[in-house]
Amino acid sequence: MPVYSEKVMDNFMNPRNVGEIADADGIGEVGNPVCGDMMTFYIKVRDNRLEDVKFKTFGCGAAIAVSSMVSQMATGMTLDEALKLTNASVAEELGGLPTNKLHCSNLGADALHAAIQDYLKKKGGNGDGRKAE
Amino acid sequence: MDRHIYFDHAAATPLLPEVVDAMLPYLHEHFGNPSSLHAWGDAPREALAVARAQVAGLVGAARPEEVIFTSCGTEANNMAIKGLAMAQQARGKHIVISAIEHFSVLYSVRTLEKRGFTATLVPVDKYGLVDPQAVADAIQPDTILVSIMHANGEVGTIQPLKEIVQLAKERRVPVHTDAVTTAGTIPVDVMDLGVDALTLAGDSFYGPKGAAALWVKRGTRIIPLLDGGIQEGGRRSGTENVPAIVGMGVAAEIAKAKMPERIAQATAVRDALLNRLPAAIPHTIVTGHPTQRVPDIASFCIEFIEGEGMLMLLSSKGIGVSSGSACTSRALKGSHVLEAMGVPAEIAQGSMLFGIGIDNTLVDVDAVIEALPPIVERLRQMSPLYDKYLKSQKGG
Amino acid sequence: MDRHIYFDHAAATPLLPEVVDAMLPYLHEHFGNPSSLHAWGDAPREALAVARAQVAGLVGAARPEEVIFTSCGTEANNMAIKGLAMAQQARGKHIVISAIEHFSVLYSVRTLEKRGFTATLVPVDKYGLVDPQAVADAIQPDTILVSIMHANGEVGTIQPLKEIVQLAKERRVPVHTDAVTTAGTIPVDVMDLGVDALTLAGDSFYGPKGAAALWVKRGTRIIPLLDGGIQEGGRRSGTENVPAIVGMGVAAEIAKAKMPERIAQATAVRDALLNRLPAAIPHTIVTGHPTQRVPDIASFCIEFIEGEGMLMLLSSKGIGVSSGSACTSRALKGSHVLEAMGVPAEIAQGSMLFGIGIDNTLVDVDAVIEALPPIVERLRQMSPLYDKYLKSQKGG
Amino acid sequence: MPVYSEKVMDNFMNPRNVGEIADADGIGEVGNPVCGDMMTFYIKVRDNRLEDVKFKTFGCGAAIAVSSMVSQMATGMTLDEALKLTNASVAEELGGLPTNKLHCSNLGADALHAAIQDYLKKKGGNGDGRKAE
């Protein structure tokens, strides 16, 4: 019995959207290598939608698979939709995670949300009148 | 998988064919209870006596009756710590252990702390070595037990146990040692070491799971962990796991006979790993002592990445290794051993442990040296830490 | 030996061929550690999950995770008594057990008494039955645990456990039961019984030695007996004895499937023994309950002689039985079970226990009825007690 | 590994001198069936020697074997020799006893000695001037 579901393994072995976006609209970094996991998400926003999502992740197989899955799920979403993306839906989409790895899915959603917050903050700071929710 | 290279003998060893063969009759016709007084008890009872002598022989015990069979190293360690401490509690309630003991020792001590005992955890140096003088200094008038492992299972460092025992003896404190990592691998002699109790486990030297032992010197008082019947001289109740004990006995005898050749073979493989891996993969640190280490453990930290991904990708190439303590790799905590050795937490996340077995060869090392660097490279490309490192280098 | 008739299945059961076959891969290629994250961990991990479900299925447990594997029934009982009591000690320190519990329960309670707990031993009647109301009456405001065995292994009496549990629940006291004698033999359903924890052992239903289990209802707090790693959800540390656990799982599944036919077969043999032995040997008393008894135990006291001689002479005729508790026949103490049932001590010395197995037949009973009377006669001729009895008869 | 040595088994399976002596010169009874063992020894004395020794024993295999061995060792001994017969020598003669059965050999020697004491007492009571030692 492998520790991870097939879908987790696929996303771990062949992670999608690894990398960074040089001129990202928002960057979110969560976690801490001291605790074993750290994720950086990069987003490109166009018409209030996530046009591109990339990540770099330091962490276990689950952390990498979660990052890959979050990036795929988020791409194309509106910001509001992406902000509503939950750890539970990520874990579900991955066909489940071992209980002791569920925190990885929290981290994935958190990193994405942090990148969006970063974008909203910067945008607010640019003076176009839109405030961070 | 194209190849199958098992390099995780600290987590589990395959059983020797001789061991399985010796066990089979006790899974078949000799199923009886060794306590039975009728004919069905004779063979199992004899088998226990033989295994007890074989295990006693492996660790140089004077009397087979001093060997108490348990179900695993964890049970033997729990029994040793709790049983020796509880037996001595009228004299005092202070225990000295090292900071890098196995969890079965560490958490047994924690449990005793909840029952009013106190403990000092003696630190280790960057090689994982305990300073004997530090143990001596930690001993108080109310210290009733010292437990220092013979060698650590994660980094392989062998402790100066004889010196530690001598200093403890001068202070009249009994010493237990967890020798799961050493017994069956390198010479372990309870008389020479001078200890009062010693834990060993059959499944660390090609015996089966389900049999381990606590050797307790005659005359040493110990309170049983498992209360009940009259097995093991009343010190460990429960129907004896005869087939597993038989297997452990045979494995012990073979381990003793083949020890020199096994050591030579493991040392060659270990040294090849210790030399070639850091050469093949930049930012790789060897953990453990340069010379005072068991022949069958090569351990590293590979920077900027985390161990689980490495070992899973290696597994997909047919190579089995482990990261952190084999027994605790699912605990999600950084290794307390590496932490005690002062390895920064993010570096400790990249720990990688090769447990070398009797079938491993230099060809296996070639395979690792071929398979691992691209895996590390790939994970580093994914790692924000490596990114930061590279940028800091460019900046600097 | 001309014949080989084994009638001591309470002491040990032969392993079913299917059980050994299921174990073998885990003694060979699937030797890995179930905690290992690489490929070598997959099969052992899967095997544990399957066995856990099989064992849960045998006792009607809702969730396999509620099953904690241990090394023997003794360990499970020690864990239950000490672990449940220690977890509740803030609420109280009083425990209620019966006077006829297995030593692993009895002496676990004794150990707790040394740690400040108190205990009430509820008596039994002459059939070995516990009165549920007596249990209820023994419960105090500070009672935190009731442990009553499902059936006794020496006389086979089945307790009115459901009634006991109901009365304990009304008083909000959790109940543990030692079901080593019943689980795998007669229907045992944790939901129906209403218990909070239950001990069972694989080697009592044709599984191997080295695997037993404590079922603990979800939400029930229990302090581990073996501290250490993270195996068994942190509740029982130590490398899992995979082959033995696999064997227990298969044995559990088969026991469940074949239970009705096994019960019918054992009952026929038991009743033949219960009827014919006292008819063939004067001054023979059946022990245990006339109807509330497990199908596979026939127990007696044969007056004026002592059990060991009987069983050794029977053994020389190729017949294996036991006297007193199979597990404690070397303890040299009269059975505490028979004593609690009010059997006079000198009569209890002649106790004889038939543990009926799946291969025993009425032909085996014929053999016993042929072999035993001359043995008894011979020992009686040697017995000063019999002498006195005969003289008193003459005198009277 | 049988629990008992061959010699114990032989003496248990084929005990010598089982029985009673109708006109015994001395009878010794020790042990208690409640404790699991009881032995009765009968002796016939002639010229200060044990001419005949018989026993009845209730007890385990070791108790029966010990009785048999004691009866054989004692037969032909002078009373003084027989009184010096120890549990250790009986156990040794039997090729050893399991530690938890050593008390049986005590019982055997005790029963013999009790029978001799009984004889000496009776004799003393007969007024022949010899006192029990």
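Note that the chains take the letters A, B, C and D in the order they are written out, and that residue 1 is the start of every chain.
Simple rule for what comes next: contacts are C-beta pairs under 8 Å (C-beta built on N, C-alpha and C of every residue); 3 or more make two chains touch, one makes a residue touch a chain.
A quick note: this is a predicted structure, and the numbers were derived from the prediction, not measured.
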item: C-D or A-C - the one linked by more C-beta pairs in contact; value: C-D
item: Relative to chain A, chain with the most remote C-alpha centre; value: D
item: Centroid spacing, where centroids are CA-atom means, of chain B and chain C in whole angstrom; value: 34
item: For chain A paired with chain C, centre-to-centre distance based on mean C-alpha positions, whole Å; value: 55
item: Centre-to-centre distance between chain D and chain C (centres being mean Cα positions), rounded to whole Å; value: 40
item: Whole-Å gap separating chain A and chain D, where each centre is the average of the chain's CA atoms; value: 89
item: Two or more partner chains touched - positions in chain A; value: none
item: Two or more partner chains touched - positions in chain C; value: 37, 308, 312, 330
item: Complex contacts: residues of chain C adjacent to chain D; value: 304-306, 308-309, 312-313, 316, 330, 332, 334, 345-346, 349, 381-387
item: List of chain A residues in touch with chain B within their complex; value: 12-13, 15, 18, 20, 29, 33-40, 56-61, 63-64, 100
item: Contacting residues of chain D [partner chain B, same complex]; value: 1-3
item: Chain B to chain D touching residues, read off their complex; value: 37, 41-43, 45-46, 49
item: Chain B-touching residues of chain C, taken from the complex the two chains share; value: 1, 6, 8, 11-15, 20, 23, 27-28, 31-33, 35-40, 70-75, 77-78, 102-104, 107-108, 110-111, 115, 203, 208-210, 225-231, 237-244, 308, 311-312, 314-315, 318-323, 325-331
